[in-house]
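Everything below concerns the one structure shown next.
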Amino acid sequence: MWQILQQISPYAIAFAIPLLITAIGGLYSERSGVVNIGLEGLMVIGSFAAAITISVLQPIMHSQALWIGLLAAVLAGALFSLLHAFASISLQANQVISGTAINMIAGAITVFIARNVTGSGNIQINPFTRFDIPVLNEVPVVGKLLFSNTYATTWLTLFILTVAYFVLYRTVFGLRLRACGEHPQAVASAGVNVQFIRYAAVIISGACAGLGGAIILTTYSGEFNGTVFGLGFLALAALIFGQWKPLGILGATAFFGYASTIATSAQAIPALAQIPGVALKTFPYIVTLLVLVLFSKTSQPPRASGQPFDHGKR
Amino acid sequence: GCSSTQQSQAPAAGSLMVGMITDAGTIDDRSFNQGTWEGIAKAGTDFNFKPKYLRPAGTTTADYDKEIANLNDAGYKLIITPGFKFENSIYTAQEKYKDTKFVILDGVPHPGNDYSKVNIGPNTVSINFAEHESGFLAGVAAALQLKTGEFGYIGGMEIPAVQRFNWGFQQGIKYANANFGTKINIKAENFLYQGTFHDVAAGQQLAAQMYDRGVNVIFAAAGSVGIGVINEAIARTKSGRSAWVIGVDVDQYAQGYYDEGKTKSVILTSAMKCVNQAAYDMVKSVKDGNFPGGKSLVFNAKNDGVGIPAKNPNLGEDVSSKVKEVFASLKEGKLTVADKGEGLLR
Amino acid sequence: MEYVVEMLGIRKEFVGIVANDDITLAVRRGEIHALLGENGAGKSTLMNILFGLYRPDSGRIRVRGQEVRIANPKAANDLGIGMVHQHFQLVHNFTVTENIILGIEPNRCGIVNTQSASRRIKELSERYGLNVDPDAKIEDISVGMQQRVEILKMLYREAEVLIFDEPTAVLTPQEITDLIGIMKKLAAEGKAIILITHKLKEIKAAAMRCTVIRRGRYVGTVDVASCSKEEMAEMMVGRQVFLKVEKEARSPGEVLLEIKDLTVLNQTKMLAVKKFSLNVRAGEIVGIAGVDGNGQAEMVAAITGLGKIHAGQILVQGKDISSLSIKERIDAGLAHVPEDRHKRGLVLDYSIEDNLVLEVYDRPPFSKNCLLKRPAIRHYAKEIMQQFDVRAAQGAVTLARSLSGGNQQKAIIGREISLNPKVLIAVQPTRGLDVGSIEYIHRRLIAQRDAGYAVLLVSLELEEVLNLSDRIAVISQGELVGLVEADTANENDLGMMMAGIRKEAD
Amino acid sequence: MTTINWQSQKEAVILLLTILLGLVAGAGFMILTGHDWVTGYEFLFRGGLMSLERVGNTIATAVPLIFTGLSVAFAFKTGLFNIGAAGQMLIGGFCATAVGLTFDFPKPLLLTVMILTALVCGGLWAAIPGWLKAKFNVHEVVSTIMLNWIAYWLVYYLVPAYFKGSFETESRNIPVSASLRTEWLSQLFDGSYINIGIFLAIAAVLLSVFILQRTTLGFELKAVGFNQHAAEYAGINAGRSIVLSMVIAGALAGLGGMTLYCGYATNLQIGILPSQGIDGIAVALLGANSPWGVLAAALFFGLLYSGKGFMNAMTSIPPEIADTIIATIIYFAATSVLIEKGIDKVIKR
């Protein structure tokens, strides 16, 4: 079993990381009071922007192309999230509906453009290379588990997680952002522009989701084809599963990463091959439901999340 | 290999209207759809017409019917459809649009699940490939090149063409072990069907499992899942651990580049089936007025319809020449490969 | 004369209503200035304009003689204007310090430094005797303490002008006395305080001058010391006010509602109502007096079935209804005018007629075999509307949302009384209504009593309880602290009891 | 009375403007990518309408959308957001297909049993999120997404295990007696694959209108949807209403699944979460959650989906333009506040 865990660990982490970064984005958005069900679409946008950029740049430069692609994804995600911000913050539209629209637009328009560019709607690139962290990967137990076969983007994401945690809980911006998600009127009467904070949060969520989509592309997929296979929704589930807290999210995404990797690679693992596939595949989803039920009593979503903030209302 | 080398004559008056409908996956899947399209496109340049492909919304018969009607109504009088899923659609379309010609690759027109009612209309050609021979050659080549080691196979969905690749591959390994003294192991746990043609991540994870367990070569006949396998092999090779992949359908060598200069690839060889050749030939036959309507054609070693690429930079000279000999025996019929899975893994 | 704040000719119009129309307000340094007006007169609107939450349609604002435009609360803060809102603006899961510094966080490179802030808050708290723990979480402290946090917020911002919008509604009499003390201390330091309250007594006790507005218009500004309560009330309402409603002597009959040792838990599983027992007889109105948040809501929820009973019993006409569903309780003769008409009382997106059959739509003649019978529903609705003077632009099919608050409340009361309930529970039945509607509803409640039914009145307005009730039960911290006859009760005693001080020998 | 009419007229105007804006945006995209939008639209609409057969196909494409649209709209009326229509379709459709493949009844009987099965199974599947919401306050958005994937994998393993067709990836073809297609209807539409699903769909629209407007059940469901607190206050069992509303929504989607697998298609292919589930949200949104609106919106989407292939065959415009137009329409629908304000301004003047 230990052997298996070691073997799948790098892949589980690779699977979890885009979820994690996207869920962090979702965290910012929801903690500021805006439900962002459009994460899926924003991931697609990010993946698309990165794919286009990288496919253009890769022939003329080497490793930088991937990083520039990630940057493009961040920008594209941020930019595209403005659509959601505008509808749900400025127009006070229903946030779930606006998010659904984002998902639909992203899926359609990226393939439409990609089709015009490549003819097929698919864009292929050369992904990142994995590497071992020297010294650390020699550490017993965790070395093999965490420091072997890693992607640079994994460390980038973990760095962002740390920063995100710090910003959320230690900085002025974070304090205001969390307050916006609980009691926006209080923030407004303290002289802070709630709309500005919420815009910023939604843009951050777009940037993170865009990055998430691009990480899928530049690590294990290598191909843009107009979808991220529901991972945006899974990130949303991880956010709720993780109780709207950075470390909770880390745990939730790690769980999804391991559960789903075990499920997919079970076929090739003799020890697991006798467990019915359906049990393995549905396991993460069933556990999520159970956890949601267990937490339902103590669950504390941001109080104002999902509610448009009306300047005039107290 | 299927090098469409026949040079065409002077372009004829461009009145050919040739359309294609893609199977599950996209036109640039680097395998089945793309191969077919390349054949048609090449015919397009050679015979000076502008081909068209449509991508159906889904993979049900109704979706295919719809696109066939669209092509037909738009004036496309030769419609090429790659994939067994078109069998039911072509069965009805050949009746419905009698003055349109159809080519179905990898399948035979029939209603429902009923193979006893196969009917290849006078305006239809059904083309099938001897994937088992292709897999066989790839198996022999890989075995000869590595001599010892552990081989694995990852298929997409468990459909006949994909299965035949697998069965032929195993027979090829066994043949090499028996006749050329190679010592290649195969284990049941390393021969599996992932279950989709799209799950890139799963392809990578399964490949990783196999490589970690000591598998040296994976034959991936699995669409995008295969891309995941190739990605994993590239990642390993870059970090200095060897990992080989056998490509499928077309020469996938270029998919497997792992160096900056784009010369070295993880693709050991590819088990090809000449869909491009088949598509090209059919267009040409229409142009030349000798469309073999009503026939069922088989592309196999005999007519150079399957094989491994002519150039395999990763295979040694001696290996290539030995494979050529084996290929010749297949051609002559001295050697046969079973298209059944009896006595084999999966 | 030096004014800190002058609001001149302020006008503010909402869709369909002029909330402020040419209002003038001038406040001096060091004074407590009361702002008086009926519900909906436009007081909060005016203060929101001063605080930058709304922009006036016309009019000028001068602060310390300088004409200013207050675009947002930040601008107000910068001008030294602070406000304690009717509803507290506190983040429940933040600490006191975090709440206070929100918006002006002391920081280095964007990183919050709570420690220095916390120290300063402690100092301020001690200086004004506020007794607030800077590190406590808001959700863990009492309402009174929360209000002091709001005050600290203003002090921390060094506000010169302090606005209090109905600060006493949620406080016990003792806390009110303390608050007035604090306000006086602040005024003595030279700060200007604007106090909004409906309670003339408090204005008398605290304020120096008082500006009265009526229906969005300026009526006048008076010196509190030289003006009687009655005069101020008359200014406010525009006619002479009779505080007492006419009602005949009562003739109570059998017990219709019996509450026996009722114990109820609140959301956080704490005891909200403790062994509460009370009887209401036919032909009497029993009022429940108490400061907001002392278990009234939980008790009403337990009686009506909206909340769970932890222990004890509730009987209607001798029949135990404790374990019945809401529907069965309605059938058993219980009717309920809810505290919050928008949250509970009405489906705002339903027509009036649908709202009027909200509890009876599934009975004949309004439905048969699960099919609604529109004609019967409309007929019933029209009758109630006529009987209870519910005015709506398009009659029975008008959306409830488009009704004025008074008409909405009349519709609810009409609906409940039309159920012919043995027991009517009316919670805050006149909240936010104009005088005409209030009088009408009071008469209706008394008519219900005179028809021989039981009425349980729960209100935060002591005056309302005193005027309407035959007997008054005082609740404090979920306990019955006293039960008095209305004619012998006086506000002072009730106030003492509401603060939890039990009346001796009763 | 007049105001109410005016209100719904305004809604209709907003709806039409939304569609128009979507089409304009679509034209914009075509121009931006260097295509001729006039011919684009010409072939798009001709592709959906130019022959009786194509009209039939357009209707057949719309049928599952009518069901999922109704499903989402119905849940919406009770204040629930049903993203789970896809999973409910899968389960309902799978169970109906299973019945169709297992029993050898005469066609009318078999179809009746299949329809009931689809209704019941889709309904039960949706009852899970309903119950989780009512009992544990688990947000239905998350639970329905999870259940979509569970349904996906269940069907993925059940089909090859018990109903394997020619290949691992699909079930056996359903027999004629289990198909919603009928000879006379196909003939009427020149060989189109239109099927009696359209009659079921119209019946479902009528039934939905009836339930929502005429019955005490509809009264309760809408009351809970508009204001759960008030509904509870009035003695309506909100939890029961939530579960019930999800059951009805799931039953509608389940039947939609049957029309997809046993009407539009002839078997059930695994590995696909039907796109009609998410499209149903768009349909419901565009149809303003009213059953008639849903019917109209679904037919419009059916037209776009059905015509886009022909447009692609006749021009070089990628068919994804249709999805782009739909997505844009939905965004405009979400931001219709702006349009509404615009209308108000025009009226004021």
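Note that the chains are named A, B, C and D in the order they appear, and that numbering of residues resets to 1 at the start of each chain.
By definition in this document, a contact is a pair of C-beta atoms (placed from the backbone, for glycine too) under 8 Å apart; a residue touches a chain by one contact, two chains touch by 3 or more.
The structure displayed is predicted, hence computed values, not measured ones.
The minimum number of touch steps separating chain A from chain B is 1. Taking the mean Cα position of each chain as its centre, C sits at the greatest distance from chain D.
Interface comparison, C-D versus A-D: the pair with the greater number of contacting C-beta pairs is A-D.
Each chain gets one centre point, the mean of its Cα atoms, and the points for chain C and chain D are 47 Å apart.
For this pair, chain A with chain D, the centres built from the Cα atoms lie 29 Å apart. Centroids built from CA atoms put chain D at 37 Å from chain B. Remark: chain A and chain C have CA centroids separated by 45 Å (rounded to whole angstrom). Residue numbers of chain A whose C-beta contacts span two or more other chains: 121. In chain C, no position touches at least two other chains.
Among all residues of chain B, those that touch two or more other chains are 55. Remark: the chains found to touch one another pair up as A-B, A-C, A-D, B-D, C-D.
Partner chain A is touched in their complex by these residues of chain C: 44, 48, 51, 53-54, 72-78, 83, 85-87, 89-94, 98-99, 102-105, 107, 110-112, 153. Interface of chain C with chain D (complex): residues 304-306, 325-327, 329-330, 336, 338, 343-350, 354, 358-359, 361-362, 367, 370-372, 393-394, 397. Of all the residues in chain B, the ones that touch chain A in their complex are 26-29, 55, 189-190, 192, 194, 198-202, 204-206, 208-210, 212-213, 224, 227-228, 231, 234-235, 238-239, 257, 260. The touching residues of chain B, counted against chain D in their complex, run 19, 52, 54-62, 65-67, 69-71, 73-74, 76, 84, 88, 96, 112-113, 115, 157-160, 193, 195-196. Contact residues on chain A toward chain C in their complex (touch as defined above): 170-173, 175-176, 178-179, 182-183, 185-193, 300, 303, 311-312, 314.
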